[in-house]
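You will see two complexes here that share subunit A, one where it goes with subunit B and one where it goes with subunit C.
This part shows the complex of A and B:
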């Protein structure tokens, strides 16, 4: 039995950052990279299922990214993934979530897992699209924003709750194999031990190319994408009126605001 | 191809408010009145439900040219049903733009539909316009620190998932044409069972609280919750939290403010301490008239919606503030 987990190394911005010269992204030097928060939860969910299973279960993580993503993949290995797979080709540069999904689906076909997890969204581009588009290319049942899951590896169906708006949940049964996008809070992701981090550093990250997956250059990158970034810019934000001074002065002004409110409310 | 197709969203017998906002987004896309009258430049609203007739009256609004009642077997949202129905609508009507809500339901099918039907796709869109005839959608990136403009070269139909609370719903009634649309039958591979209301033994009602003090990831450790609880009590505020605090189990889920938690509907003063301001959190509080943000990161997005901002150490400020009450 096998669970495949699509993961992404996301980027957060340094406090002061600059837009790249072509105006279509932030300069790479200002990007702080880490494993996508949502993916931490989907990996944990797979590892928990493996631990609870009586039969053997293989947990495989896959990312469509250049070499720098090995760091995130090794983090997954340290947290319990059995294998890590990275797929890249320079032609994939500029891929949108749908082009990435096309590659993930090809990788999933080769791996033939019993279940595929992805995060609900990535914290940097928040498209919330990659996992569900992957399901479309695979022709698999799919569901988004799963906040609790009851699944035994190899089972023909799974029962889960999806988290709706405003504190509402819905219980759903789905045929397997399926693609589920996993929500924050579904579990408590473990920390990697020093020993497992050391072991993960020695494990290989398997690398595959376009040709390995029998994809053409036209199916990925900008030509395989359903959207294209024209321009990235720093928005004019509504500016909060800053309260200055030392901590005591700031607290005094805050207290005034609270008392004004209470005066109005009274 | 032309015209805008809006997919209304309903749940448990009620039209979700964002459905009406989508109509305004559609009208904004059409641009000037002159363009509106051009042939084929219409706004069509489709309502997909077991009993679509229940929702027709609420959709008879200015700017809507036609309402399509699409009857389906599924009682509630189901990805396969919606993919089939919206797919059939697109094939039949060939709209230039399809608008759906950026919501949990659309997360479940919009990207699959775009992948299958070769549609342009952008989600969490808060601005859509035509620039020199090119459809351009604007969304956020890198934790809302940048705006990202995307376009859709070579796509004759583009699906946009629109962020809720971005467009004002139309306030004028209209007299659209009403038609029925027969969607192909679907063999659903998943089935929704019961809805479950979030409950807890905490009796707080965040939707009724007028003064909320919210804590976020910035508080660092569970042991620090107590001091902010005490501060909230002292100043007379209801203690709320952002998602990470509830997920970690430090406060009950019923105190979570945001898209998947509660909306601070009655709140007039909202003090956010150590909350970065993820878009999902803002969805539950950005309407509050007086928001005060306290955060050590001057670049935190919460300062973009706050009236007052305090850049500084939340513990130090909390301690100083406690002394004054």
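This part shows the complex of A and C:
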């Protein structure tokens, strides 16, 4: 039995960051990288299923990313994943979530898992579409924002719950294999001690290329994408000020501000 | 030959040969049982892991003998018990030497070489000394009975803080029974000894060499006269003597045979424990050997033989129980019970001929003999227990070893998990960007050197709290200003510095500690400096005591001794003496860990402050509750926090104005506790650095000529 988990190494902003020269992303040196928080939960869910299972279960993590993501993959290995798979080709640069999903789907076909988990979203891009798009490419049933799960590896179906607005819970039965995107809080992710992370550093990360997955360069990267990021910027900040004084003074100041906005002050 | 030269005691006088033989047979049996017991105990310790001791065995033995004979450690913080134990100890030693002397003459020197010395004046002095020893023993024992029976000291209550009523090992009445059996056995042996002596005198009243010298055994003589006064005849004395002889002898032999199986074994285990003491046990934790597959202690056999010996050395004296800040605020931890629990486990699992299967050796949990994670996480690693233990039990390393296993399994508070992940990611516990580590320097009117870029005399290792905590940043800025004004050439590592790792290591996250220590040592290696200073006692401890194991050896001092030096050398001058009524809180890692008791007090005196020490000060200082990673773990709601307990102690000082601290974490903990205990407005919590600032004016800046 096998559970495949799509993971991503996300970037968080450091202090005083700068935007890249092309204006489409933050300068890499100002980014602190870590495993996407949602993926921590989907991995934990898979490891828990594995630990509760009487039969053998293989937990495989997969990421579409350049080499720097190995750190996040090793963290997954430290937390209990059996194998880590990284797929990359320079042609994949600029891929949107749909293109990434196409690659993940190809990897899933090769791995043939019984279940595929992804996080609801990534904390840096928050498109929340990679997991579901992967299901579309695979033609598998799918569900988003799963907050609790009953699944025995090898079972024909799984039962899960989703939280709806207004405090409602929805219980759903789904045919397997399926793609589920996992919500935060579904479990308590375990701590990967530095010792286990160091030990995982010795474990291999399998690297696959486009050719391995029988994909063409045109299916990935900007050419395989349906969207592209035009620019990334910090919006102008609005401002607020507290007007002090008696009613007359406040009114006077307010009138001044209105005139300034209308451009009358000059 | 003068008359007294012939005086002696004839052993087995008037004994049928069969009875003498019987006695020897019983004696050898007792010794045999004793030896078997010793073997079983040693086999138990050998089931622990290997450990090589540092230093020569001779100097260790010398140190142990000095400790045992001076009774220094037994006497600390409980002079009455210390004094009573002294009487028992010296009495027992003399009585043992007395018996050994008789054996030497009767069984060795006389039969082999015909040498006799146990007679005449020597015999008389021998009699006197042993009578005095017997009295000393009895007085000590009676005091111990008084202490247990009437004083009912809380530290001698064996009810456990980490178990509830109804748990099988909550009250442990068997310990109480054993204590009393031990005391009564010795009292009866002592009393029957004197009675026996008296009965012999009555029996041999007619022999002048016996009767005329009777006052050389004054207790026996007095009892003999009393016995005669109530009508005991010489014949009655003979009968009494023979029956008492057997009773006394059999009881003594039974006692000897049982030594290895009862608390009496502490005479050996405590001495051995003192001999293998590690004076840096809590200050310098040990690395995980490369050969060890899983970190920390999961099974009883994962402890070292020395730790298993430590378990047996404990005499349940309760000093650690009394000193523990976690216990004082009702947390489910008593260092004594951790030790006793593990001892019960070791005795049940490791004394039998064959080792039980590994599955039955797990020490984590809530069954009898096991230690729960709630207990382990209650520890502040403040070292109060290790420091006061009279027999060198090293609780803190045992607790941290067990925590290493909990960390590996992720059995810890979610907030602690988060903090460890944060420290791994950012190098500090605040989750701030590395780049912001030196931000506090930005608002200073002078530039703080980057020690990685230019050489400095003094490298200041700032630490997390002093770097990032807004309240502590103010103190940090003042200290930088003082150094600047004193003309000290100093610099910091800026973003090259990470959390020093002291508390991470005490949490039990050894892997992360290694990363932090190695990263800081690499940064330090890239800087040029003569020595290190830090305002953080936690960083001070780990850099001083633990970095050397990772190849980083540096001269380092805590800021209190640097300030003292700057005053002594005249680089800082008190211009506005502070006539404040203060008390000083010894930080665990400065005081107890590294004996830095004097420098802060001297600085306070130099500032003109009046210092009134709290009852719990210096080596008995009461932890603020932040140590051992507890600053990252929330305290249970509704229970008293150690810092609050401490604030109440300080508040009892009449007219106290300033509660002086010298540790960033103390400032945070106590300012909070000052408010939550309702003492705000009564006195204030201040860093010593802040007081120095108040007392030392900034040097006059010469006016720019017009």
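The rule is simple: the second predicted complex is superposed on the first by the 233 of 266 C-alpha atoms of A that agree within 3 Å, B and C clash if a C-alpha of one lies under 4 Å from a C-alpha of the other, contacts with A are read in each partner's own complex, and residues count from 1 in each chain.
One rule holds in what follows: contacts are C-beta pairs under 8 Å (C-beta built on N, C-alpha and C of every residue); 3 or more make two chains touch, one makes a residue touch a chain.
Keep in mind that this is a model prediction, so the values were computed, not measured.
By the touch criterion defined above, A:190 reaches subunit C but does not reach subunit B. When the two complexes are overlaid, the chain among subunit B and subunit C that reaches more residues of subunit A is B. Judged by the touch definition given at the top, the superposed model places A:166 against subunit B, while subunit C stays out of reach.
In the superposition on chain A, A:15 contacts both subunit B and subunit C.
In the superposition on chain A, the residues of subunit A contacted by subunit B and by subunit C overlap at 15, 188. Those residues of subunit B that touch subunit A in the shared complex are 11, 16, 76, 79-80, 102-105, 107-116, 118-124, 136-137, 139-143, 145-153, 155, 189-198, 210-211, 235-237, 243-244, 246-248, 253-254, 256, 259-263, 268-269, 271, 279, 290, 292-294, 297-299, 301, 303-313, 316-317, 319-321, 323-325. In the complex of the two chains, the subunit A residues touching subunit C come out as 14-16, 32, 34, 188, 190-191, 193-198. Residue ranges on subunit C touching subunit A, taken from their complex, read 288, 295, 407-408, 410, 412, 414, 417, 420-421, 424-426, 432-433, 435-436, 509-512, 514-515.
Taken in their complex, subunit A has these residues touching subunit B: 11-13, 15, 17, 19, 26, 96-98, 101-102, 120, 123-130, 132-133, 135-137, 141-145, 161-175, 178, 181, 183-185, 188, 226-235, 237-243, 247-248, 250-255, 257-258, 261-262, 264-265.
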